[in-house]
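Same chain, two partners: chain A is paired with chain B first, then with chain C.
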Partner chain A sequence: MTRTLEKGLLRIDLSSRNFEFEPMPQELIRKYLGGRGINSKLLFDITFEGIDPLAPENPLIVGAGLLTGSAIPSTSRFTISAKSPLTGCLGDANSGGFFGPEMKFARINHIIIQGKAENPVYVFVRDGDLEIKNARALWGKTIPEADAAIRKELGTDEVQILLIGPAGENLSNIGSVMNNLSRAAARSGMAAVMGSKYLKAIVVKGNGGTFVRDKDKTFSLLREIRESLFADPWFHMHSTVGTTGLTENYNGLGVMPIRNFQEGYIKDIDTISAEKFLKHFAVKRKSCFNCMIHCSHYYSVGSECNEEGLEYESIAALGPRCGNFDFKNILRANAICNRLGLDTIGAGDAIGFLMECYQRGLITKKQADGLDLSWGNGETIIRLLYKLALREGIGDLLADGALKASKQIGPEAESLAMHVKGQAVIAGDPRGLKAWGLGYAVSSRGADHLRALPVAEYSSTPEIAKKLWGTEAAADRFATAGKGKLVRWCEDVRVLSDALGICRFMTRTTFLFPEQLAKLIPFVSKFEFSSQELAKIGERINNIERLFNVREGFSRKDDTLPERFLSEPLPDGPSKGSVVNLDPMLDEYYEARGWSLENGYPTEKKLRDLGLEKEMQCLKIYKTNKNPSNG
Partner chain B sequence: MGNIKIFYAYRLREITGKSSEELELNTPSSIHDLIDHLAQIYGPEFSEETCLESLEFGQRSSFYLIFVDGKKIPDLRKFEPLIKNQSEVTFLPLTGGG
Partner chain C sequence: MKHSWWIDPSKCTGCRTCEVVCSLYHYNEVNSNKSRIRIVKWEDKGLDVPVVCQHCDRPLCMETCPTGALYRDGEDSIVSYRKELCIGCKLCLLVCPCGGIGLHDDGSILKCDLCGTTPTCVEFCLPKAIEFIPNSQVGERRKKKAAKALIQSCELAEISDR
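Take a look at the complex of A and B:
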């Protein structure tokens, strides 16, 4: 059976309970591919300057990538987009699992949800039909409880469910949207947008197949991909340890976020190593849709906790970031986040921040509901997770992230919030990874590592760096030269995997370059693109996202890092003495992008080159000609 | 002779049976001197593992990233004596992400 794109766009208005299946505009695919790309374009078009992120008009857009659900391995990814209540800028969160492919099997590429239901609801989409169902009995339930209740009500396990937990219902800006119980689309506060619409879940069931242009040639391609992967030691490592192996790596680089980034290195990391996880807790491996890497694991912590899905970011956020090196406690905390629908990064960041406030005498035990906020207190961490998901007591202060909490605690606390544009910095200290720092600063969704994922600064050779980014220094993690070009290049390549729906692990090496991706697309879709077209699409998506943020008032002044990274040298370890010198990297980045050095706005020339004239006219700064130079 | 500290990750932990160790080495030494020395202790599997290559940015590249005192050895084909007394050497597999 072949997949059609004729009715690939689903619009739902929860206020009026109307819905419509529309044709997927082909031009949109030609210019933005799908997934994050089309989501960002739709978000720009549907919203307006100053829209309230929690208002009914703010659309929640769920987009499968162009290749999501295809025969190409690791094509499980989908993106959820909206204006972010956490940052006030463009928001999106990406996830694997099985929900995105099921959308494709139901012949849906993108779902746009606006309005607000009168009472909690969930929507059930099935091959060209849709029901809006009562979810009052589901409101307040955890992820596993609600998932099971929906399956029971529908009388089938043959559905994929995207849902929020108590954190999203309570409009926590650090909630996560979950699928397959433990796959999280966790960043940018998308769960709060869903909660603001009284939308508990989106359930999809599809009976369509997947498109293959030529079966024999496609099988031949798949064999090549498999052989290439199996020959690579990198594949074996990720299929064995997943991202838990990064714990030793990041500590080895001296960039662990220990005690809210006060330190970057600990001598004995063995207590939370991948080796310990595999030996004592991992039960078996788990993969997303059509993936040979199977980087995830089911794990067990005795009879009290059986869970799936542990990532380095979650270990570091709920562990070292909070001074916690008790692996059992970290594993329990990770499971609780999944069940409550909480972003492990945002939650760990908020708790680490609060613990540093306590260390510095900015908050008392009494103000913290009597909790002992000493570093590494695992039981306090667990109790705080429940409190912030339910907005109970001190949890209400933390529920919207560290920055918003700091504004209530006082001016001294603001410098302890480790964020960019309000979103928590991930667990890699930029003082020892300069390109990562630049990537966090300029990311269109606030602090984020996946927009650029500039691993090249420590993994590539000087020769590669010189060839691709003009200087050998781009491969020196302590240097600033070359990092602007490196981050721009990485952002434009990485966004293609988000728009196509391919996992970062597959696009990190095997399908990294536009030339490689261009060869895949015709096998499993009805489209063809040259590598030059793909490169331009990558750049166009990053520019439409920048335009969204410029329209919301963001500029160079917001592309910055917490003061700690700029002025406090790391005290110990392999990155000892290092700070981030951001301005020269920003200058190089804007220049490489064709954006104004003065304010970071895309120049008219750049926007015209990318075919974004119409979008440019939506912004006052271009209408009034107060825009940057056209050079 | 000098004292150095070495940190191992991933498969090198299995091969050596430890996550770190301190040992005596003639210093200054190159990274090749060190790998030869460790291969004598742990067998040829140690040098075979550290010589694994992975695909990186379209080219074959060393799978292990080796850092001496926090700085990456930029090119394993070079033989500069970078390891000094009290140096810390770290072997990390090529990975990244979160």
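Take a look at the complex of A and C:
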């Protein structure tokens, strides 16, 4: 009935064309669960200090969560990890869809790909077997073209395909790895790592199933989960409009990234509202594998543009961030990003950055291939997306994100790149969301909201905040106090859903606590964990990711935010006048983490406590007895 | 049969939870390859279509089956399958115009049995793309759906007339 785990680790060397199915070490599961957790541990072990992210040795690791593909709803998630060419630190990108579950059906938990093929290839994995196939004819093709060509060649639609588009092939650091045509593992430049290996696609077909301990009890559990979800007020938004509903929420908080974060609020948001999307463009609802929420949509903008998806992040990045409020244009741009395999956040950020450079006279129309870089020029945005993915003209400058572009434009441009560690800040202005700002600063993959996702800051009550994070201020989005404890707590629980493969929308509020997650695991896995064990695993994963970054030379000085957020008050709206006071939050965070206040390194005591002595020995700083102080 | 499937692909989100609960109910595991209901997809067009045995009033599969492995207990009963009589000729698969029969790894067939009385997939289909309703309601629903489409097309026509 169940054949999982015996040979769950697949290693592929594209240089020698060798591959091996190995047993999945049980200890890895006990210490890191799976998905992002095991990926990060494998990445730490396989790589070494200073490894070139685009060198053949940098592994591309695809990991399904411990519960991915199980009977538990919304367990479609998987993580792709490698050292990031975008940030130079730990890189990963997470996606739902159908690829992760199919890995499990093919009895694979993690795939490690190293080396570089001589010519473009794709790999086709079926239960216990693998073929490396020629992809020369696929190179240069868009996501839907390549996806269709692979299905045609294999003669079946019953496969799941993970692939890169032209952006990844051209080693764009803001490319995305796609599955199910429109599901993106977009952050950290994982597509460039895949492209550097001449790997166009990974195709998986599984004939197996996933384990269930007791059918009747599992059905009872599914009914319980359903009722819990129905009782969650956020379920209503996610299951009707998806994250497009956040457009009004975030504008209402005054944290919309308008014109590259020059403003945070616009009076008339109706032009890009969820209501408008549902009424004029959405055709029907769509979903990832085995989900009860169904947050996605298939949408149509006329005959030439039909696409699945649309998230708040994409609306805000390709829209307001570039001064663009033309919904049709945003929808087209979103579809084009999916087809070219581009991160909508990274691409919108790069274009918004360029437009501000133009506004401030740092770049001329001539330098921009004659394009009109005025705010909100929709046609320019679309032209730039193509140029960027193809590295054509000005697109070559933008293809690796705003920070790298700024270095070529000049010192004045650098302060306009809205990034942390090179990764674009998401569409939530931290001046009105202080814990989010701290989260961006300390996230192990650079500016990112999903590592911490401290929604408690604006949706929790003062009583809960006091109980969990020691102060009522933790639930006040303008306060600084309590945010260090809040972000530390959130990071340690959020990572559990990435390691288990459960969607954030299930674990955002409904199945948030380790106690709840611990209860789910034994129904569909042969493993059991206490809530204390889970909490420790969450902490361990965050610490090994920190160790990876420390080994690469990152420290407290890199845990910062763009100057704009620290010193330019928001000019208008519900967060008017606000800036981020980062240092006290950082101090509180490091202290809560048991890391050095001086340099942000994990202390020896903390690492020993988490069973990371061996890993610690890999780092020079711990060998030379220059132990970081105990903060 | 006094009940019928009411399948609405426009409501199907393609999540395949029906496949999960079907295989869980019948085989104690999550395995789409063993599900008796399948979602056929054209992702590029956003199409998701649930395909399942319709328990026809005149079942071609049963009429074609050379061994009596497919049978009915009476006119009102569902079409059932006796694995021990099946010779694996797959004729039922070929003649079924609804695509309602699938093939199991071991050569036997996969065919819906309504989970006895109440189909599990229906309970867990939250968007209500799959329902199992009394025949008396089928005609009414169909007419309402067609009438709604007619009104919409009239409204569209009016807009274009202006």
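Just so it is clear, the second predicted complex is superposed on the first by the 626 of 631 C-alpha atoms of A that agree within 3 Å, B and C clash if a C-alpha of one lies under 4 Å from a C-alpha of the other, contacts with A are read in each partner's own complex, and residues count from 1 in each chain.
Just so it is clear, a residue touches a chain if its C-beta (ideal position, glycine included) is under 8 Å from a C-beta of that chain, and two chains touch if they have at least 3 such contacts.
Since we're looking at a predicted model, the values are computed, not measured.
> Could you tell me if A:G393 is touching chain B, chain C, both of them or neither one (first, second, both, neither)?
Neither partner.
> Per the contact definition in the header, classify A:G140: touching chain B only (first), chain C only (second), both, or neither.
neither
> After lining up the shared chain so the two structures overlap, which partner does A:L246 touch, if you call chain B first and chain C second: first, second, both or neither?
The first partner, chain B, only.
> Would you sort A:T210 into first (chain B), second (chain C), both or neither based on which partner it touches?
A:T210: touches chain C, not chain B.
> So in the superposed three-chain picture, is A:G470 touching just chain B, just chain C, both, or none of them (first/second/both/neither)?
Neither chain B nor chain C is touched by A:G470.
> Go through the superposed model and pick first if A:E275 touches only chain B, second if only chain C, both, or neither.
first
> Once the shared chain is lined up, is A:L222 touching chain B (first), chain C (second), both, or neither of them?
second
> Which chain makes contact with more of the residues of chain A, chain B or else chain C?
Larger number of chain A residues touched: B.
> Which partner does A:P73 contact after superposing on A: first (chain B), second (chain C), both, neither?
Second partner only.
> Across the complex, what residues on chain B touch chain A?
7, 9-10, 13, 19, 52-59, 61, 63, 65, 67, 69-72, 74-75, 88, 90, 92-98
> Tell me, which parts of chain A touch chain B in their complex?
228, 232-234, 237-238, 241, 243, 245-246, 248-249, 252-254, 269-270, 273-275, 311-313, 426-428, 432, 449-450, 453, 455-456, 458-464, 468, 472, 475-478, 504-505, 508-510, 512-513, 573-576
> Could you pull out which chain C residues touch chain A in their complex?
Chain C reaches chain A through residues 10-11, 13-17, 20-21, 23-25, 27-34, 41, 43-46, 48, 105, 120, 124, 126-127.
> Residue numbers of chain A touching chain C in their complex, please.
Residue positions touching the partner: 1-2, 69-71, 73, 98, 105, 144, 147-148, 157, 180-182, 207-212, 215, 218-219, 222, 226, 239, 283-292, 294, 296, 298, 306, 308, 524.
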